[in-house]
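Order of writing sets the chain letters: A, B, C and D. Residues in each chain are counted from 1.
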Amino acid sequence: MKLKAGIMGATGMVGQRFIMALREHPWFELSCLMASSNSAGKKYKDAAKWYLKDEIPAGISDMVVEEINKKVAEKYDLDIVFSAIPSEFARDIEASFAESIGVFSNTSTYRMDKDIPLLVPEVNPEHLGIIEAQKKNRGWEGFIVTNPNCSTAGLVVPLKPIMDNYGIKSVNVTTMQAISGAGYDGVPSMAILDNLIPFIKGEEEKMETEPQKILGRLEKNEFKQASFEAFASCNRVMVLDGHTEAAFVYTEKDFDIEDVKKKLRDFQGEPQKMCLPTAPNPPIVLMEKDDRPQPRFDRDLGGGMAVSVGRLRKKKEKLLKFVCLSHNTIRGAAGASVLNAELAYKKKLIN
Amino acid sequence: MKLKAGIMGATGMVGQRFIMALREHPWFELSCLMASSNSAGKKYKDAAKWYLKDEIPAGISDMVVEEINKKVAEKYDLDIVFSAIPSEFARDIEASFAESIGVFSNTSTYRMDKDIPLLVPEVNPEHLGIIEAQKKNRGWEGFIVTNPNCSTAGLVVPLKPIMDNYGIKSVNVTTMQAISGAGYDGVPSMAILDNLIPFIKGEEEKMETEPQKILGRLEKNEFKQASFEAFASCNRVMVLDGHTEAAFVYTEKDFDIEDVKKKLRDFQGEPQKMCLPTAPNPPIVLMEKDDRPQPRFDRDLGGGMAVSVGRLRKKKEKLLKFVCLSHNTIRGAAGASVLNAELAYKKKLIN
Amino acid sequence: MKLKAGIMGATGMVGQRFIMALREHPWFELSCLMASSNSAGKKYKDAAKWYLKDEIPAGISDMVVEEINKKVAEKYDLDIVFSAIPSEFARDIEASFAESIGVFSNTSTYRMDKDIPLLVPEVNPEHLGIIEAQKKNRGWEGFIVTNPNCSTAGLVVPLKPIMDNYGIKSVNVTTMQAISGAGYDGVPSMAILDNLIPFIKGEEEKMETEPQKILGRLEKNEFKQASFEAFASCNRVMVLDGHTEAAFVYTEKDFDIEDVKKKLRDFQGEPQKMCLPTAPNPPIVLMEKDDRPQPRFDRDLGGGMAVSVGRLRKKKEKLLKFVCLSHNTIRGAAGASVLNAELAYKKKLIN
Amino acid sequence: MKLKAGIMGATGMVGQRFIMALREHPWFELSCLMASSNSAGKKYKDAAKWYLKDEIPAGISDMVVEEINKKVAEKYDLDIVFSAIPSEFARDIEASFAESIGVFSNTSTYRMDKDIPLLVPEVNPEHLGIIEAQKKNRGWEGFIVTNPNCSTAGLVVPLKPIMDNYGIKSVNVTTMQAISGAGYDGVPSMAILDNLIPFIKGEEEKMETEPQKILGRLEKNEFKQASFEAFASCNRVMVLDGHTEAAFVYTEKDFDIEDVKKKLRDFQGEPQKMCLPTAPNPPIVLMEKDDRPQPRFDRDLGGGMAVSVGRLRKKKEKLLKFVCLSHNTIRGAAGASVLNAELAYKKKLIN
């Protein structure tokens, strides 16, 4: 018996990735598609501007889109819901669902709340431990679990073994982010052809605060931020999918570069150990070729869930440089939420 | 009476920019175009794959290309020569010309030599003071002046007022470089469409060593490197012209961000004070709009010689972030050499 | 004394091109900028998303945008107005201005009306002869003159000397149109990167009917359509500016291909003979290189007003093939309207 | 027992597609990779600049590349060989292999020869009937079968049911071809960014002659060309893979447009009837959405072997317009050759 899952924001680009991630999922069954009132009542194929190359899965095309509303959870007897709704609506809507069921949200609204896990299963699976307190605090029978911003998601995976082995003092990161991160209509071709844009609203702020929560510890139901500083410069470039990030990491302890490579190559997280259905293995694909990773070639590794890391160099004592790449709408959005749900399910947080 | 100038490597992309920079120059007259034996003997219009939008200037089209050879200097009675030849040939060829005339070279070969100035007129005009020693050392009647790598050229201009006012401890820089930097055939469209490449051969090494020479002092005919460290991550993106660079600068003294802006905005170098013909004024265009500079819009400011600086932020005490942009084949190549020649001429180093 | 000109739709992409075309115009002075109520009351620089590389001309930046309304004509004592407003509003608005002044419209609304000239000064200058009848019919003191759709504009110029010399039976044309033709937000980068779109709403219909009116005769105040048939296939490609069109023209009489080249090369229209300020000369730039015209290199010829024609081939008896290119927002929009106004002024239709 | 197959030109882009098409093929086994002397002796992974997203198949990476030479056929006991070598070498090399085994060639050299089939299995499977005569004429034990140029390959499939049902008088076609058609280094990014190129060497000539052979009849060992005329205008656009073609077809008989749609939709060729392993079904994907086909979305339909057809319109009596799209390195190259080999095998031409 599979769990019944809904998607809020099902017509957008992340919503489409949710559909692909849940199609033929061994544990979850896609029972309900929700979107704004514009789309409600229409068949999915008529409501969505489908942008993926693979066609809309059979069985999804003709599903009628529901308007986002907590009553839908009852109507479809949902066990969980995935959320990719705009942050301005998320606070009330996600809470209303969390009163009764588990919400796995890609939206930024709750990410930094004191009792909400900002979860990356390879990095901080123990943060799910807050859920019980969260339910108590808020009087919910369900809960909310968030995943990080797309640019944070790719970075924290390689930071995890680096922090565990050498400690991190600070991180400077410059991103080159794909156009799909802004949504289908987000970046006009007039804006980006023969060009790049050194600004993405709110992005640097997220990258400078989320990693410390994710890489921090949960102690007595309190999140202790990791102590490093993060500084970001975020840019949009003309790439369809895949965020590339150049990171300079100042470590606490010195390191041998071959040792770092080994630590990254051998890294295994809970999802790999538990063999979660969408967990990539290895989670980090270490590349030694001078000119990799590259988005067009490497973004789909591990089904879009792997993080590719290359150009690893020791720049001086305690200064490590690398370039990492991850698929922004899979590892950085829908896939991240689904992996979170898989972990929560395996940890028996969903009944 | 204008000085007679030649161009070595006249058919390539930098060579074309030299032609445009010297067309109608008030002090220099383009007397001779030199290229490899493949092109020698042909009319320029037949030898060059002209890639600029403006047509080949009248008078240049039908000039017959000479093979690169020091005898050409005599034949045309050249006063100076500009060089954009591949680095593997440059050592002997540039030296042979320097025996008799001034060589302004865009090639990397001599840049780091002890008695060769690596000149950016706004930054280190006093480095020309080495020329006399250079001539003596080498037994030349002429001399060699080099300009930096295209990605260094854009960075050192804003670093100058920052160093002068606050000191610099270290710089981390990530570049997003235009395809023209690799030459006309350098980047296949198959390699870069819907993609970026996190590697440019030799580029990080140059960016990590050239700035310290340029921003260093000349003392008793010896270059004293500036003491800061520079670390670079260089990337190729699908932009025609214009290198964009995201820099994190750790300063010696703390700063007020508005004060930094003022220092950049008000910055004037020797070329501006001397009103050199191709000097941009202001040399630094400070941009306060969140999403600028952008290569398609800003690369041609100041005739391609200005450096645009935006996204200036104080990230924490003594940590400054900005994005700078400069035209890689003008400020970063041909235009740089021509400005060097103008300075040398004004300083009476060319007779 | 210059004529006072207004622009309706001044903030859009065609509006921006109008501003550039009228800046420093010898006969017209830009007195008033009009746009929708969203923009009204704002300074132009705040109202417009300026997309051109050249900066907003001094004197324009701070002009306050007026809401589109016929009272504006009086307030500013306008002599003429240029229109680039959406076709759904144009019928009433343009008519209201035409009651008192001359309207030069880039909008499609009135193009095919029986008493409205669809004017390309090189092709059918005599069509202005309808104006008197138009004023009488409609009881206007002013008038409306339209210019064709951007893809038609480039095609009819070379068709003119071909029709005059050999007659035309039919034309098949396939376009490859620039993204700027759809407006700044018209083509999302997600839609066009590594892609093309074989459809532009309404475009094929316009290309299949406008040429016959333009190349037709005006007889006794009636437009007699040219008798040829036109068939179009319109495509959007990832080019910033410049529509490229591959045309197959079936002629009435057979031709010698060198003779066709000569006729195109030597073609002169009224604007050239009258030396109208923005008339390109030659209006047709004939290219014999195998791989030209190309949009990035050739779209700006003649200030964006020339039509480049290349790949001229005789495919068989009475079948001519060529590729033509023109700048879609200059020759195909704003520049077309301005040239129309220049012709009307010279013909004393504007007092 | 699978047949042993070799690939000549295995390191190039078409060669890579051959490898993908033959990997896990039910009838053919990839036994030998051949390339120029530059690559000979190297492991495949070191010799090839692999450009596909899917990794080099296991088992291929470490195969040692052989220099192209007929002795290789014996050494590896090859049954067939696929050829993607430059046309200037093909005449002698392909003939030397054909002395003993079947050669399936993507190269243009032999396409128009009197006794060589230019085969598209959906269109002219009976042309394989020439093989016996070919062997006799040339004294070969093997034979040569060619497939058409990439732009022809996509066009002739929809032309087949059109010709069979309505007859064809003439075809005008304008192509918008992908950069991969020129090989990895064929189109510099400097040439095509924000641009298109209205010229591809030799392409229009091929498109104007190959269709008539393919759609012609084989009578008494003689190819009778189809009687229609074809005229082509070929353009390169910035698309990775997938040639889009806008065709105007003048038919002999008039047609009902819905009837044409049905004929295209229902079209089945020999490969479909025989269920050849790589035959797409349906071979023609008819699209009724206004804005399809589009290369990024539709090029991979049917494993890259289907031809998408859209924008079907009756322009006037006996004039049909459509846009077709096919994958240029699969249906237009390697996949075409493999399908040819499958047909030949099924027809017992390979022992």
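One rule holds in what follows: contacts are C-beta pairs under 8 Å (C-beta built on N, C-alpha and C of every residue); 3 or more make two chains touch, one makes a residue touch a chain.
Here the structure is a predicted model, which means the values were calculated and not measured.
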Set of chains adjacent to subunit B and to subunit D: A, C
Of all other chains, the one whose Cα centre sits farthest from subunit D: B
Centroid distance [mean C-alpha coordinates] between subunit D and subunit A, Å: 42
Geometric centre distance via CA averages, subunit D-subunit C, whole Å: 42
Between subunit A and subunit C, centroid-to-centroid distance (C-alpha), Å: 48
Where subunit D touches two or more other chains at once, by residue number: 193-194, 238, 240, 296-297
Subunit B to subunit C touching residues, read off their complex: 53, 193-194, 296-297, 300
Interface residues, subunit A side, partner subunit B - complex: 172, 174, 176, 193-199, 201, 229, 231, 233, 235, 237-240, 244, 246, 248, 290-297, 310-311, 315-316, 319, 321, 323
Subunit D residues touching subunit B - in the complex, by the definition given at the top: 13, 51, 179-180, 184-194, 238, 240
